[in-house]
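Think of it as A, B, C, D and E in the order they're written, each chain with its own count starting at 1.
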Amino acid sequence: MSQARERDLGHRRSALHAPGTTVFVGARRLSEATINIIDYDAHTLREIQGADVSACLERIGMDTVTWINVNGVHDTALIEALGDGLGLHPITQEAIANTVQRPNWEEFPSYAFAAMKMLDDGGAERGVKIEHVSLILGPTWVLSFLEDEGDVFDSVRHRLRTGTGRVRSMNADYLAFCLMDAVVDHYFLAVERIGENVEIYDERVLMNPRPEDIHEIHRFKRQLLSLRRAAWPLREVVNAIARSESELLDSKTKVFWRDLYDHTVQVIDMVETSRETLASMHDTYLSSLSNRMNEVMKVLTVISTIFIPLTFIVGVYGMNFQYMPELHWKNSYYVLWIAMSVIGIGLITYFRRRRWI
Amino acid sequence: MSQARERDLGHRRSALHAPGTTVFVGARRLSEATINIIDYDAHTLREIQGADVSACLERIGMDTVTWINVNGVHDTALIEALGDGLGLHPITQEAIANTVQRPNWEEFPSYAFAAMKMLDDGGAERGVKIEHVSLILGPTWVLSFLEDEGDVFDSVRHRLRTGTGRVRSMNADYLAFCLMDAVVDHYFLAVERIGENVEIYDERVLMNPRPEDIHEIHRFKRQLLSLRRAAWPLREVVNAIARSESELLDSKTKVFWRDLYDHTVQVIDMVETSRETLASMHDTYLSSLSNRMNEVMKVLTVISTIFIPLTFIVGVYGMNFQYMPELHWKNSYYVLWIAMSVIGIGLITYFRRRRWI
Amino acid sequence: MSQARERDLGHRRSALHAPGTTVFVGARRLSEATINIIDYDAHTLREIQGADVSACLERIGMDTVTWINVNGVHDTALIEALGDGLGLHPITQEAIANTVQRPNWEEFPSYAFAAMKMLDDGGAERGVKIEHVSLILGPTWVLSFLEDEGDVFDSVRHRLRTGTGRVRSMNADYLAFCLMDAVVDHYFLAVERIGENVEIYDERVLMNPRPEDIHEIHRFKRQLLSLRRAAWPLREVVNAIARSESELLDSKTKVFWRDLYDHTVQVIDMVETSRETLASMHDTYLSSLSNRMNEVMKVLTVISTIFIPLTFIVGVYGMNFQYMPELHWKNSYYVLWIAMSVIGIGLITYFRRRRWI
Amino acid sequence: MSQARERDLGHRRSALHAPGTTVFVGARRLSEATINIIDYDAHTLREIQGADVSACLERIGMDTVTWINVNGVHDTALIEALGDGLGLHPITQEAIANTVQRPNWEEFPSYAFAAMKMLDDGGAERGVKIEHVSLILGPTWVLSFLEDEGDVFDSVRHRLRTGTGRVRSMNADYLAFCLMDAVVDHYFLAVERIGENVEIYDERVLMNPRPEDIHEIHRFKRQLLSLRRAAWPLREVVNAIARSESELLDSKTKVFWRDLYDHTVQVIDMVETSRETLASMHDTYLSSLSNRMNEVMKVLTVISTIFIPLTFIVGVYGMNFQYMPELHWKNSYYVLWIAMSVIGIGLITYFRRRRWI
Amino acid sequence: MSQARERDLGHRRSALHAPGTTVFVGARRLSEATINIIDYDAHTLREIQGADVSACLERIGMDTVTWINVNGVHDTALIEALGDGLGLHPITQEAIANTVQRPNWEEFPSYAFAAMKMLDDGGAERGVKIEHVSLILGPTWVLSFLEDEGDVFDSVRHRLRTGTGRVRSMNADYLAFCLMDAVVDHYFLAVERIGENVEIYDERVLMNPRPEDIHEIHRFKRQLLSLRRAAWPLREVVNAIARSESELLDSKTKVFWRDLYDHTVQVIDMVETSRETLASMHDTYLSSLSNRMNEVMKVLTVISTIFIPLTFIVGVYGMNFQYMPELHWKNSYYVLWIAMSVIGIGLITYFRRRRWI
C-alpha cells in the first residue's frame, strides 16, 4: 500500500511537466543505474558489465544481436542519451522513466516499445514485488529497463551463454520474446503461490472459521486485485504483438508469441479461478461463522428458557402469604422437586424433538 | 486440490527451461508410455498394440488413414522422436508434454494441433478426473496423446473395427472429429451427473436445511468452477476449428464440427444453469436456515417474556416487609394465581394475535 | 425436474452412438408418430390426416406448397425414411430425433434446419410444458416435428383452411415464418403468465412476508431460468434467419423475420424484467422478514429489560437480613410500589423517546 | 402494474391473428381518434384540426411538408385507410396499432418507421405515464401516432407556427428529428425527477432509516427498471437512424441525429447512475437499520447482564437456611448494598471500556 | 448533490427551446465571461488579456497558432458572435453553452469539437469540483471554454511563454493535445487523492470498525461513481481522436494522442481498483462489525446463562416450605456455596472448552 501511495506522489510530480519530457516517476530503488551488454551471434558472445552509453551505441552498429539491459530508470540523463542515440521518440523516453505507466505496446517506424509489470515473488514472508519493465525492440538490438537488480532474466542469460535452445541462432525479436517469456513465467510463480495459499486457507477456514479470518480474506482479495491489474493489460500487450504486422517481428517467431499469449490467458484464468474460489470461500466463511454463532446463542437461550419457568415456580413458594396450604404439607418440597424435574426434562425433550438443541 | 497443487509445481519446474524445449509438466500417471496404431481405409483395418516410433512413421507414408494413440506423455524422448519424424514444431512438442496447457487450437503449415481437457466421470464416489488430451491432425494421420489409459476413445475404436457409421470411408479429419466428439460426450456425462446431484440436493436442502450443507454447496461450486474452466476454452477450440480455412479440414466435415460446436455450447449452458440453480439454492438455503433460527429464538424469547413478569410478581410477595396487607388476606394466594394465569394467558393471546408465535 | 433428469438419461444413451446416427433422445410422449399433410396454393388446399412417407414424397414433387407435420419423434425409422426421401443430411436426421438439442439454425444446400423449444402454457395448475420442435424448410415444402400432439399450430391451420391473411399466396418460407411466429406467440403467453404471477406475488409478499415465501421465490427463479434458457437461443435462431442469405428465404419475407426477431427480443426483455423484479422482491422480502423479526425481538427484549431491574428490587426486600430498617417502616411497601412504577414508566418513556418501542 | 397486466391481456388477444393484421393491442385511452394536420413550407403554414383521411392524402401530394398527427390508435380502420393511402406495409400498420411493440426502427423503400415509448412525467402525485408513439417518415410527410392527447409535441407546434428555429426551412426528416427530440427531452424531465427524489430520499434515509423505507426503495427500483426498459431500445433506435443510409434522411440533419444520440446516451447514464446510487443506498440502509437494531439490543442486553448477577446475590440472602451467619451481622445489609454498587459500577465501567455501551 | 439538482433544473429550462439554439444550461459561476488570447509561432508570442470577439477573429487570420480561452459560458451572445465568426455549426454553439453536455467528440468539415468534464481537486476539505470544458480545434486555432476561472491550463501557458517542450514549434492540434493532457493530469490528481483516502480509510476501518463508517463508505462510493461517470466518456473521446482520420490532426501528433488514451485508460483502471477495494472493504467492514456485535452478545449471554441456574438454586432455598430438611442442616449454606461455585466454574470451563468465550 505504501508503494501505491508513493507512486501516486510520483505521478503528481510529473503532472507539471510537458508531455514528452523524460521525468522519473516512481520510487528510486537503486543508487546508480548500471548497463550490461550481451552481444552475440550464433558463433560468438561478448558480455560487457557496467558499460556506458557510447559502448552501447558502438555495439549496435554491428551485425550481431545486442541486448542492452539497464537496471535503474531514475537516471533520466542516461535514458535520454541512450534514447537519442538509438532514435527513440521523446514519448518513449518519457514512458521508460515513468514506472507507473500502464502496460502497453507501441510501434514506431524504426523500433517497437513494450511496457509491462514484472511480478517477483519473494515467497510467503516477502510477498509479491511489482516492478516496471520496459522493452525496446530494434532491428538488431533489444533494450531492456528494470527498476531494480533482479534475477528474472538470469535464465535467458544462462541460455545465451551456454547456447541452449535456439536463442543464439535467432534474431533480436526472439530475444525480446525470451525476455517477455521469462516475465510471464514469473507471473505463473506468483499466481501459483497465491492460488496455493488460497487453497490451503480455504480448507482451514471451512474446518474452523475465526472472526479474524475476514482480514486475511480481504488481504487475499487485494493481492489478487493487484495481480489482475497487472495481468490483464499484459495480455493485451502480448496479443498486440502476436497480431502485429511490424517488420521487426519475424514470421518465424509468430508461433512463439501466440504461445506466449496462451500463457498470459492461462495466468488470467488462474487469477480469476482464485478470485472465484475466494468469493465462494468468503460466502461459506460468513455462513459458517454465523452458523456457529447461532448454535452458541441457541444453546445458551435454551438453558435460560429451561430455568426461567423453574425460577418462577420456586419464586411462588418463596412468597410470604399467610395462607398457602402447600407450604405446610409434609411432602410438598419433594413433590415440587419431582414436578420441576418433570418440567425441565419435558422441555429438554421437547426442544430435542424439534431439533432446537 | 492436491492435483492442482502438483500441477503448479510442475509448471514451476518448466519455467527454468527455454521455450520450445520438450519438458514433461504434470504428474506422471503411468509407468511407461505405450503406442497403439490403427491403420485403416474403407476396406482394410490393421491394429498394432505397443508399437514403436519407427512403426508409426512407416504407417504414415501409406495411403491409409493412420491413428496413432499414445498413452502417457512423460516420455519426452518418445514425443521428440515422433514429433521430429512427423515434422512437428518444437513448440508443439513442448505443448504435448505440458499437461497444464490451456485448451487451444493452432494451425501449422503441415498439421494442426488441438489441446483440450477430458473429463472422465468416475461416478459419485470417485468424482470427475480431469485429464489433458492433445490431438495432432496431419493430412492422412491423427496423433492423440492421453495422460493415462482410459476408455474414452473405446467407442471410436469399436466403430472403426466394426465399420459402423461413416468413419471408415472418411479422411483423417473425420477421425479427429470423432475423437473430439467422444471427449465432448464425456463432458455431457460429467455435467449431467453434477447437475442431477445439484437437483437432488436442491430438493433436500429446501425441505431440511442443515448448517453443514454450506460445505457441500461450496464443494459443488468449486466442481462447477473447474468444469467451467475446462469447457469454455474447449468451446473456443471447436469454434476455431469450425471456422478454420485449413486445407486439412474437408468441407464435408464442416457440418459435423458446427454440430460439435453446438454441443459444447450446450455443455456450457448446462454448467451455467447448474451454477445459477446453485446460486439461487444458496440464497434460499441461507434464508431458510436463518428463518429456522429466528423461529427458535422467537419461541424461546416468548417463553422468557411470559415468565419474567410473573417472576417479578411472585418476587413482590416474597418480600419481607412487615406491613404488606395482602400477605394476610385469606385468599390472596389464590387470587394471585388467578391474576398470574390471566396475565400469562393474556400475553400468549396477545403474542398469538400479533403472530409472534 | 424429473423431466430434466430423464433427458439427461436420454443423452447418456446417445453418447454411445456414432455421430450422424438417428437415435431418439428424450422421453417418449406418444404411442405412435402420426403425419399430417396440408398441401396448398392460392386456389386449392388439400389435407391428409395420418399420411405415410410415400404420400409425403409424392406431394413434394408438385407445384404447391406442402406442409408435412409429424407428431412424435421417437419413430427413427420414419424420420430416416422421410429424411432420405427429402435429401436430409444424417446430422439433420439425428438432430430431429434429439429432443435435448439446443435451438439452432443450420443451412444446407437444398434445405435449412431450425430447432427450437416450444412453451405450452398449461395455466396455473399445469405449469409450462417445454417441447422440442424441429422445422425443415425446403424450396416448396416445410417439414415440422413435434414431440407431442398440441394446438400450437392450430391458428396457422385455421388461416390456411380459411385463406385468412396472406399465407395462401406466399411461398413455403412464409409458412415457416407463420409456424415460428405461432411458437413465439406462445412464448408471450407463458412469459406473461409468469410475469403476472410475479407481480401478484410481489404485492402480497411486501404486505405480508412469510418464511415459506422463500420457496415460492426460488420456484419462480427456476421457472424464469428455464424460460430464459429457451428464449435466448431462439433469439439467435431468428436473428440468423433474418440475416440469412439463403435462397430459400424470399426477400419479401425478410421484413416479417425482422419483425419476429423484435418479438423474441421483447420476450427476453419481459423475462429479464421479471427476473429483476424478482431479485428486487427477494431483497425486499428478506429485509421485511428481518425487520419483522427484529421488531418482535425488540419488543420482547424491552419487556424483559423493564422487569429485570424490578425483579432485582423485590429480591432485595426478600432478603432475610436481621437488620434491614426499611422492612419495618410502615409505608415502605407502598413507597416501593411507587418507586417501581416510576422506574417502570421511566424506562418505558426512555425507550419510547429513543424510538426503541 | 395494472397497466402492465392490461397490456399483457392485449397481447394475448393479438396472438390469435395472422401476422400483418392490424389489431389494436393495448388499453383504449380515448373515445375517438382525431387527426390534426400541419402543412408548411418556409413561407406558408396551414393547420387542420380534426381532419379526415382524404384530407391527409390530399395534402401529401403537394410540395409542402405535411405533419399528420393522430391521437388514438384503437381505430384500426383509420390506420388501415391512412396506411393504404400512404403505401404502408401491413406489418407497419400492425405495429402502429400494437402499443406493446418494442421500440425499433425499420426502413422500407418509400418510408421509414420508428416506434418508441414516450414518458410523460405527471409530477410527484401522478407519477410517470408511459405512452407508445409511432413515427412514419415519408419523403415530404411525417405521420405520428399517440395513444392519448398530450402536450409533448406542443413545443414543436409552437416553433412551427412562429417560425422559430430552422424547422420551417428544412425537410420532413428535420421535423421527425424535432418530434423525437421532444420525446427525448421528456425523458430528461422524468429521469431528473426520479433522480432528484432518489437524492432527497438518500439523505433522509441515511439520517433516519425506518423499516418501511424498504418498500419505497423497492418502488424506486421498479420505476428505474421501467425507465431503463424504455430508454435502452430508444438509444438503439436513434443510433440506427444516425447511422442510416436511407435517402429519406438528409445529410444535413445527420449532425442533429448524432446529437440526439448523445442525449439518449446521457439519459441512460442518468438512469444507471440513479440505479447505482439506489443500490449503494440500499446497502447503506440495511447496514444502518441493522446497526440501530444492534445498538438497541446491545443496550438492553447490557442492562439485563448487570442486573442478573445482582439478582442472584439478593436471591442468596433470601434463602431460609437456619445457619447463615451474614444474616445476623449488624451491617451486612449496608455492606451488601455497597458490594452490589461496586459490582454494578464495575460491570458498567468494564462494558464502557470495551466499548460495548 | 445540490450541484446535480441545479443542473437538472438547467436542462429542464433548455427542453423548451428548439435544437440548435444557444441557451445557457447550468449554474452561472462567473459574473462576466472573459477572453484571453495567446498567439504564437516558434519565434514570437503575443498575449491579450480581456480581448473582445473582433480581436479574436483578427488573430485567426494570421499564420500563427491562436489559442482563444474563454472563461464563463453563460454569455450566449459572446458564444454566438465567436461561433458565427469562426463558422461553428449552431449545434456546436448550443453544446458549448450546455454544461450538462455529455463528453463527446464531433468532427465538422472545418473544425472539430470536444466536450469533456474537468476535475479540479480542491483537497480534502473542498472536495472535487467538476467543471465542463469545451475545446474547438480549427486549422490554426484552438478555442477553449471553461465554466470558471482556474489554473488547470496554467502549466500549458507557462510552457508556451517560456518555450519549454515542443509546443511552440508544433501546430494547433498539438496545443489541443496539451490542453487535454492537462485535463487528464488533473484527473490523476483527483483519482489519486480519493484512492489514497480509500487506502487510509481501509486500514482504519479494518482495525476499528464503527457503525457511522457506513456513511463514509457510501460517500466514497458516490464520489467514485461521479468520477467514473466523467472518466469513461472521456476515454471514448480521446480514443475517437486517436483513431480520427481528420485532416486537422497531424500524423505526427498521433503518438501523443495514443499516449493520452493510455493515460485515460489508466485513470479508469485506478477508479475501478478503488471501487473494488471499496467493495471488498465494505464486505469486510460489515463482517467485522457483525463479528464485534456477536462477540458482545455472546459474552453477555454467557454471563446470563451462568447466573440463571444459580439464581434458580438460591430461589429453591428461598422457599418457605415447612418441611425442607436442608434448611436446618448446619453446613448446608456453605455446601451450597461450594456447589454453586462448582456449577459456575464448570459452566465457564465448558463454555471455554467449546470456544464460546
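Note that in this section a residue touches a chain if its C-beta (ideal position, glycine included) is under 8 Å from a C-beta of that chain, and two chains touch if they have at least 3 such contacts.
Values in this document were obtained by computation on a predicted structure and should not be read as measured data.
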Common touching chains of subunit D and subunit B: C
Same or different contact residues where subunit B meets its copy subunit A, judged by the half mark: different
Superposition rotation for subunit A onto subunit D, Cα-based, multiple of 5°: 145
Averaged-CA centre spacing for the pair subunit C and subunit A, given as whole angstrom: 42
Distance from subunit E to subunit D - Cα centre to Cα centre, in angstrom: 26
Multi-chain contact sites of subunit B, meaning residues that touch two or more partners: 297, 301, 304, 308, 311, 315, 318-320, 324
Cyclic ordering of chains (reference subunit A, direction subunit B): A, B, C, D, E
Footprint of subunit E on subunit D - complex, ascending: 155, 159, 164-167, 177-178, 181, 185-186, 188-189, 192, 195-196, 199, 203, 206, 255-256, 258-260, 262-263, 265-266, 269, 273, 276-277, 280-281, 283-284, 287-288, 291, 294-295, 297-298, 301-302, 304-305, 308-309, 311-312, 315-316, 318-324, 354, 356
Complex contact set, residues of subunit B against subunit A: 1, 4-5, 8, 11-12, 15-16, 18-21, 89-91, 95, 100-102, 104, 106, 108, 211, 214-215, 217-218, 221-222, 225, 229, 282, 286, 289, 293, 296-297, 300-301, 303-304, 307-308, 310-311, 314-315, 317-320, 324, 326-333, 336
